[in-house]
Structure formats: structure tokens, C-alpha cells
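What follows is a group of structures, each given as C-alpha cells.
Two complexes come next, and they have one chain in common, subunit A, joined by subunit B in the first and subunit C in the second.
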Partner chain A sequence: MDSPTKRRTALTGMGVVAPNGVGADAFWKATKEGVSVLDPISREGCEHLPLKVAGEIRSFDPASVIEGRYLVQTDRFTHLAMAAADLALEDARLDTADGSPFAVGVVTATGSGGGEFGQHELQRLWGQGPRFVGPYQSIAWFYAASTGQISIRGGFKGPCGVVASDEAGGLDALAHARRGIRRGTDAMVVGAAEAPLAPYSIVCQLGYDELSRSADPARAYLPFSADACGFVPAEGGAMFVAEEESAARRRGAPVRAVVAGHGATFTGTAGWERSREGLARAVRTALEDAACAPEEVDVVFADALGVPEADRAEALAITDALGPHGSRVPVTAPKAGTGRAYCGTALLDTAAAVLAMEHGVVPPTPGVTDVCHDIALVTGLARTAELRTALVLSRGLMGSNSALVLRRGDAPT
Partner chain B sequence: MTRRVAVTGIGIVAPGGVGVPAFWDLLTAGRTATRGITLFDASGYRSRVAAECDFDPAACGLDDEQIATADRYVQFALAAAAEAVRASGLDLAAEDPWRVGVSLGSAVGGTTRLEHDYVLASASGSRWDVDHRRVGPHLERVFAPSTLASHVAEAHGAHGPVQTVSTGCTSGLDAIGYAFHSIEEGRADIVLAGAADSPISPITVACFDAIKATTANNDDPAGASRPFDARRDGFVLGEGGAVLVLEELEHARRRGAEVLCEVGGFATFGNAYHMTGLTTEGLEMSRAIDEALAHARADRTEVDYVNAHGSGTKQNDRHETAAVKRSLGEHAYETPMSSIKSMVGHSLGAIGAIEVVACTLALARGVVPPTANYEVPDPECDLDYVPRTAREMPLRTVLSVGSGFGGFQSAVVLRRTGAR
Partner chain C sequence: MEPLLTFAELASLMSSRAGVAIDAAELERRSDSAFTELGLDSLGLLGIVGELENRHGSVPSGAEMCRTPREFVELVNQSMPAGA
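So, the complex of A and B:
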């Protein structure tokens, strides 16, 4: 085996389940065109809540892609994760039949767990009695459900993990998969999908000061603009197949991107201005890890929380970490058109970054027209550009900051 | 050069006593802390026994804001972390905060408070369209599982990698394993690692009732947790929290810290078999043991003690016995293997960290804790389970293993410093 640092992590498969599209093609089309799918929330039991706008996935029928026996024992967040994993495995054409089952592991991130399933079972318990709680509550609600079910469904016995994190955990899951590969695992199925839009799950989120209460889908989530008034929650996410690069190339797999560097810090919940230093340090660590100069960064996928203080901190962090290049490099936030799917958000950004590099196109930030920070936010139409290196940023509402450097699949080793 | 990882402080909130002295006293005396459930009225439930903590957050030094905003399991972690940091002698204010991380596990997070407020919002389960005006403050911090690591990081000023790990009942072992990796790989010099859970609530008791995973031995609460005993009939739900200060060995030596032991190896695999079921062969747990020992550069014959998952379900005890035999070979028959769940119950994600603290104490003090309530051998479980009485013996290398819902199988190897 090569030394750990020589074992590079390639992304060879991508599966996207997003409010603006199921499947990478549909997702990329909507993302590139800057379509916003934010809409009044339509879930039963949510009509009366003060959260009015969300990013819902409306074109997904779990029964069409997931076997009945898995369907009944899982929550929607696991349906989405299983569907995304299927798409990623199909994309990677990963045939595990001949190899050791221990060569493939699974890692997911989640910040909300199986809330809809849990609310149903809580209703049975408290409305009818303890004997009405079903046998699957013990395995559907908890945070490990998606990793466990993907492992079982695919026969993957490698290192399995779950980062139960705030939003930044999405990138941390990719970093975790990369460490698994460095330590000798051949491939990891990695990502996150969230389904936080059941009525009680929304009630739990209402305490976030950062949550947008706007009832106008066109105005509810406008990061980096003077009208920024918070973020819109969403469901969905993405899964990837990550593989040791040389093994992937040997089997002729398409190397769509390389996970080149990662950094993570924590600056707490006392105020968003603290995330400036935390995020800048995460970026520096990620660049160093990737042996990447700041000027090599061709596009930044921003965290873009949509809270003025947080947006300011992020804009400053980008220039702190990238220097003068930070105010010139294209920055984008496609999530303004889909909402933030907690841990799934940064995985969707990662998917968008890989697609952007492949197509040589920076997708725009939907809905935003005025930018009140010193960054080159891409608004309006998508922009054509040669993209070899992408930086993905993510922060969590509990105070985590994370940065990921991706290199295009054909970048020299 | 390989960076080695020392344990320089431990802290614990466990059933039967808060703090390391009370915990170790319970284990070495072989007393059980299981009792009839008092945290809620369990009269309508199949399993009415639990291992509860008698916990006073103010007495453990938590401030008013922590008490107001932190859920019970987070409070366990805060108390355990404070004890661990105190014991380590570290002055964290003098350390580079960007090199200090937190890695904590929890299987079910804030379930208890989530359920409590759900009952208010739904008018006792009578409506799907829950009323947001009826819930208490700070519910968002309960909803987010990352709150666990976040609270502890804020209390100790950690700015390095901070994560919450949730791999079911291996959460504690995995959180310690990830922390070990992060120091070994140079991402941090100090990590507060451990786990906490406070799952003793109606929904959790009901969901284990539904699959008959927990004991129905309600008439004998003190004797209800009987790992490896032929009469066992399921696990006893517990709660608690444990935190270890993990520190890069040279960092610890430079400041003259007492090194309790080293974390030598860690590995985890999935069984890809069943969310709650286990095979009789134990192949995947065995592989985790083999890899963790290899990582620690320990031969299987060097293992002096196995801290078992030993939950007290028939399938677990047989699975685990098979796994240990597969990995240790004939040496398995000469190696004491006990389950402290017989005394402190099964606190889901927390228990792995509680068990690693028990292993640290066992190594440092040369005492193997027993399996309480073990009286009638099961012919299919034929190892030395250290019945009822603690055993004094010198220990250099110990192994702690765990299995979790979702198929997780993990192993951690601890060694006396100088054992490799």
C-alpha cells in the first residue's frame, strides 16, 4: 500500500436528490439556470407555523426506487439518502461483487434524523399508548439510520460512520471518508440527506434567530444582499462514491474530482463575527492540505447564510484567507434557490462544484441582484470560466466552520 | 514519526455515582445501580427497570445558563469534561485553542426533551399540526445533535475540530477512535473525547419494548442485567456520560502530566447484515479487534483483559464470544472478559466511553471489574466472564469492544505507556 498521503481521494460517482432536481442532470440544469424553487411550504400540518417558505422536494417517489421492506422501516431522510446512494453507485459503476465487502465503507452526516417517522411514533405512543409504538422506531429515528441501511442494502462492511453535526458536518463527512481511504479502505459511499420539514421538526427549528420568517419566496433568502433576512430550510442532499484515485483510474472509472484538502474549526454560537477567523483558518488549513496557493482557487461556493452579520464575516474571511484574490475570485451560492438542507447543503454545493468544473461554468446565486459585500458574487446569468480548483465553505448554526478544496478530475497528480 | 496518544484525564457521570471515585467504587465492589424507573411513570411498559443517574448539575459546577440551555445528556458531558480536564492538570487557557478539539458521541441525543416538548405541542399526541407556542425555550439547541460537542467546546474554549458522532451504541468508542485519529494525524494536540446519552424516556423505553430488546425482569431490578448468564433476557437501559482528555504523548510529557494509559488502536466495521440483528460468527467485530490490535502493534496474546459489549441479550453475548475467540484464539480462554453493563446498564451511545474510562482505571490500578449477576453459565458462552468479584491482576493491554444498531462493530485498544 502507498503511504497514506499518497492515497488520494477521487470522487467517481455522484447522486443528487435536491429540491431543484433529482439526479445530477436535472440538478445541474436548474442550478446553471439559476432557477429558484423556494415556495410556500405545503406539508400537511405546517400551514399554521410561522415558517412560510421552504425548499421541498416534490418530484421524488420513494416507492419507485426503494424496496418495500426498506421503505417501511425508514424515515424520509433515509429514503433520500438511499436514493442518492443508488444514483452515486450507478454513476461510479462500482462493481463490488468480486471484491472484499470490507473494502467499501459508508459515512453520512445528519443534523436532524428521522423526524417525520419519529413524530408519527410519538403520536402513537402519546395518543394511543406504549403498545402502539412500532418495531421500527428504534432504527428509523436515530441519526445512524442512513449509514446503517445503506451499508446493509449494499453489503458494505468497511468502516462505517456518522457525523451528527451542524451544517458544516456535510464537509466533515467527506473529510472522514478521505481519511478512511488514506487508512486503507478502497471506497467510501459518503454524503448526507436531510428531511427536516415534518411539523414538529420545524417547530424545533423556530428558535433559530437565523431562520427566515418571510412569506415571499422571492425575498426569503437573499444572501450577501442588503435585504438578507435569514435562511430558508430545505430537504435533500447528495451522496458520492469516493475511491482511492489510482484504483479508480485502474478500473477505468471516471474521476470526476479529487478531494484535495479540508480544514475544520469551531468558533461557537456567541456571534457570527467570530466565524470570520474560524472560517479563514479552515480555508488556510484546507489549502495547505491541498498544497494549493490561494490564487489557484477558481471558484468559491459560499456558505451564504443570509444573515447580514454572518455574510459580512464570510466575505471578510474569504479575503482574509485568499488575499487580494479573494475579492476577484467568483463566489456563488446556488443554495439561494433551493434553501439549506442542513448537513445536505454542503454536499449539494460539492455536487454543484464538481459539475461546475466539468462544464466550465460558474452557476449564479438565484434571486440576488445587489451585493453589499466586497466579493465577486455571481448573480444573474451563469458565467463561463476555466475551473480547475473549487473551494466549498460551510458553517453550522452550532458554531462549526469547514472548508473543502476540490480539484477537477483531470488535474495532474 | 508517529504521534502517540495519551489519556491524561478522565471524568464520568454514571449510575450509582457521579465522579471517578464513586464509579470505581461501584465497579470494584460489584454492586449494581439498576432499579425500577423513577424518571417517569413506567407502569404501562413491558420493561420498567433502568440504571439512572442521581445527578445534580449545580453540584457538579454547571452554571445557570448551562443548566437552562443544556439537555440532561449534555449536562452529563459538561460535568464529565470538567472533571477530566481538572484531573489532567491542563490549563486550557494557556494552550493554543485552535489545536484543541472535541469529539463526543451520542446515540439518541436530546430525545428526552424532544419528547417532553412534543407532548406539550401536540396536546398529548392528539394533533399532527403541533402548536409551536407551547414548547419551551432553546428547543433548537436540543434538536441539533451537534449541541453536545458544541456545548463542551464552548465551556473549554476549544477552537479546533469539534464533532458529534452518532453511530448508535458504538458512538462512544467511535468518538474516542476519531479523536485518537485526529491527534495521530496532527489535526489536534488535545481532544476532549467521550460520549453521553440520557435516553430513559417513554418513547425510548417503548421502542425497545416493541422489539423485546430490554429485560422484562421487573421483579428483581438489582439482578436484571445479567450479561452472559443463561437466565439473561435483554439489556437494562441506562444513562450517563464520560469524557477523556486525549493528548499527544510528547505534549503530555513536556508538561509533566501523569499518563494514565495510551490509546493504541481503533477500528470499526459494518456488519451489513441487519439493523438490530447480529450473526453468530462475529466476523466483523473480530476484524475490528484484529485491526485495532495491529494498529496498536499488539499481538493477540498480549491482551490482558477484554471489556465486553456484554449487553445481556442472547444474540449479543453469543456473537461477541464468537468474535473474541476468533480474534484471540486459544488465548481467549485465558483472558478475563467482563461486562460492566451488569452494574451500570446500557446507556446506548454513552456506554462505550464509560467502558473506556473503566478500562483506563483497570489498567492504571491493576483491577479487572467483574460481571455482576453472573451465576448460571450459558454453554454457548464459555469464556472467563469474571463472575461477581473484581480481580486484582497486572494489566498492560486491554481491549474494549462494542456493537451498535445499524451494524456498527468497533474496537479500541488501550495500553500502559511503554507497552510497545
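So, the complex of A and C:
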């Protein structure tokens, strides 16, 4: 085996299940065009709640892609993760039946686990009594459920883990997969998908001051603008197949991107201004890890929380870490059109970043017209640009900050 | 006397409680196979025991430890005649 630092992590497969599209092609088309799919919440039992707008996935039928036992035994967040994992494995054309089952590991991140399944069982608990709670509650709600079920379903017995480090854990999961590959695992199925739109899950989020209460889908989530009034939650996420680069090339798999660097910090919950320093530090760490100069960053996928002081902290962090280049480099936040799927968000941004580099196109930030911070936020139409290096940023409501540097892979054929 | 639990009922419970689809005739034919081979894990069997307890008040102890459908059906029916 090569020394750990020589084992580079290539992304060879991508599976997206997002409010604006299931499958990478549909997702990219909507993302590139800056389509917003934010809409009034249509889930039963949510009518009376003060949260009015969300990013729902309406074109996903779990029964069409997942076997009956997983439908009954797992939550929607796991259904979404399994569907995304299938798409990623198919995209990578990774023949997992051929090699050792110990060569493939799984890592996911989640912020809340299986709320819809949990709500159903809690209703049985309070409506009928403890004897009516099904045993699958014990595993279906759990943070590790998606990792475990993807591992069982695919027969992946390599290193498996779950990252529970707040929203930014989505990027930390990719870093964890990279560590797995450095330590000798051939391939990792990695990502995150969340399903936080059951009534119970929404009630759990109502305590967040950052949650947008706007009932107008066109005004509810406008990051970096003077009208920023919080964020809109969403469901969905993405899974990737990450492989040791030379092993991927030996089997002839196209390398879509390389995970080149990562940094993570924690700045707590005592005010968003603190995330400025934490995020800047995460970016510097990620750049150093990637041996990447600030000027090499061709596009930034921002965290874009949509809370004025958080947006301000992020804009300052970008220029703190990238210097004068920070106010020139294109920054974008496609999530303004889909909402934030907690840990899934940064994976959707990672998918968008890979697609952006492949197509040489920076997708716009849907809905935003005025930008009141000193960054070059891409609004309106997508912008054509040669993109070799992308920086993805993510913050969590509990104070985690992460940055990921991606390098372009092979030219698309 | 009608047995309390038939293979058809067990098949139906496997589907509703654990999402394991198997028709009654096949379950009866494979009634000496381990539940795990039929796709039912220990939590699934526990859920079926819970459902039977809720319907009938009690289920003999050890039911959740049965390895095969035949063992399970026989234990439940021996200890719990219909109407109990």
C-alpha cells in the first residue's frame, strides 16, 4: 500500500435525491437554471404550524426503488439515502459483488435521524400504550440507521461509521471517507440525506431563531440580501462513491472530482459573528490540506444561512481566508432554491460543485437580486467559467464550521 | 378446534410487521427454514409476538426465540388454544 497521503480520494459516482430533482441530471438542470422549488408545506399534520415554506421532494416514490422490508423497517431519511446510494453505485459502475466485501465501507452524516418513523411510533405509544410500539423503532430513528441499512443491503463490510457533528457533518462525512481510503479501504459509499419535514420533526425545529417564518416562497430564503429573514428547511441529500484514485483508474472508472482538502472548527452557539473566525480557520486548514493557494479557488459554494449576521460573518470569513481574491471569486448558494436539508445540504452543494466543474458553469443563487455583502454572489443567470477548484462551506446551527476543497476530475466525455 | 395461528396469518404478520413478503403456501412449505433465511430478523419476530400479545393478551414465553415458522406456530398454538 502507498503511504496514506499518497492515497488520494476520487469521487467516481454521484447519487442525488433533492427537492429540485431526483438523479444528478434533473438536479443539475434545475440547479443550473436557478429554479426555485420552495413551496408551501403540503405534508399532512403541518397545516397549523408556524413554519409555512419548505423544500419537499415530491417526485420520489420509495416503493418503486426500495424493497418492502426496508420500507417497513426504516425511516424516510434512510429511504432517501438508500435511493441516493443506489444512484451513486450505478453511476460509479462499481462491481461490488466481485471484490472482497471488506473493501467497501459506508459513512453517512445526519442531524436528526428518523423523525417520521419516530412520530408514528410515539403516536402509538401515547394513543394505545407501550405494547403497541414496534421493535423497529429501536433502530429506524437512530442516527446510524442509514449507514447500517446501506451496509446490510449492499453487503458492504468495510469500515462503517456515522458522523453526528451538526449540519457541517455532511462535509465531515466526506473527510471521514477520505480517512478510510487513506487507511487502506478501496471504496467508501459516503454522503447524507435527511427527511426533517414530518410534523414532529418540524416542531423540533421551531425553537431555532434562524428558521424562516415567511409564508411567501419567493421571500422566505434570501441569503446575502437585505431581505434575509432566515432559512427554509428541506429534505434530501446526496451519496457518493469515493475510491482510492489509482484503484479507480485501474478499473477504468472516470474520476469526477478529487476530495483534496478539509478543515473543521467549532465556535458554539453564542452568536453567528463567532463563525467568522471559525469558518475562516476551516477554510485555511482545508486549503493547506489541499496544498491549494487561495487564488486557485475558482468557485465557492457558500453556507448561506440567510440570517443577516450569519451571512455577514460568512462573507467576512471568505475574504479573511482568501484575501483580495475573496471578494472577486464567484460565490453561489443554489440552496436558496431548494432549502437546507441539514446534513444533506453540504452533500447537495458538493454534487453541484462537481457538476459545475464538469460543465464549466457556476449555477446562480435563486431568488436573490440584491447582495448586501462584499462578495461576488452569482445571481440571475448561471455564469460560464473554467473551474478547476471548488470550495464548499457548511455551518451548523450548533456551531460547527467545515470547509471542503474539491479538484476537478477527468474531462467529461 | 381452529388453531390460533395459521401459516397464512403468520405470513400476513411477516408482511405487515416486517415488510417481508412471502405467501402462505411458500411459508408452509419452508416452515423448517430459519426465519433469518426467510428474511425475518429478530426484531421482526419480536414485532409479531407483540402484535399477537396485543390481540390475544399473552403469548408463551420463548416465542420470540423460535428459530423456524413451524416451531413458532406450534408453540403459539399448543400454549394458547383458540378462544383463550
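Observations on the structure shown:
In this text, the second predicted complex is superposed on the first by the 410 of 413 C-alpha atoms of A that agree within 3 Å, B and C clash if a C-alpha of one lies under 4 Å from a C-alpha of the other, contacts with A are read in each partner's own complex, and residues count from 1 in each chain.
In this section, a contact is a pair of C-beta atoms (placed from the backbone, for glycine too) under 8 Å apart; a residue touches a chain by one contact, two chains touch by 3 or more.
None of these values were measured; they are calculated from a predicted model.
Once chain A of one complex is fitted onto chain A of the other, the partner contacts of A:139 extend to both subunit B and subunit C. After overlaying the two complexes on the shared chain, residue contacts for A:161 are found with subunit B alone; subunit C is out of touch. Once chain A of one complex is fitted onto chain A of the other, the partner contacts of A:384 are absent, as it touches neither subunit B nor subunit C. Applying the stated contact rule after C-alpha superposition, one finds that A:398 touches subunit B and leaves subunit C untouched. The wider contact with subunit A, measured as residues touched, comes from B rather than the other of subunit B and subunit C.
Of the two partner chains placed by the overlay, only subunit B lies in contact with A:125; subunit C stays clear of it. Once the two complexes are overlaid on the shared chain, A:369 sits clear of subunit B and of subunit C alike. Once the two complexes are laid over each other on the shared chain, residue contacts for A:72 go to subunit C alone; subunit B is not touched. Residues common to the contacts of subunit A with subunit B and with subunit C across the two structures: 73, 131, 134-135, 138-139.
Interface residues of subunit A, counted against subunit C in their complex, comprise 67-73, 131-132, 134-136, 138-139.
Residues of subunit A that touch subunit B in their complex: 44-50, 73, 101-102, 105-106, 110-113, 118-119, 121-131, 133-135, 137-139, 141-145, 147-149, 151-152, 154-166, 169, 172, 176, 179, 183, 199-208, 264-270, 278, 281, 396-400.
Every residue of subunit B that touches subunit A in the complex is listed here, in rising order: 44-46, 98, 101-102, 106-109, 114-115, 118-119, 121-122, 124-126, 128-130, 132, 135, 137-147, 150, 153-154, 158-168, 174, 178, 181, 185, 202-203, 205-211, 213, 267-276, 284, 287, 404-408.
Touching subunit A in their complex are the following residues of subunit C: 15-21, 39, 43-44, 46-47, 50, 53-54.
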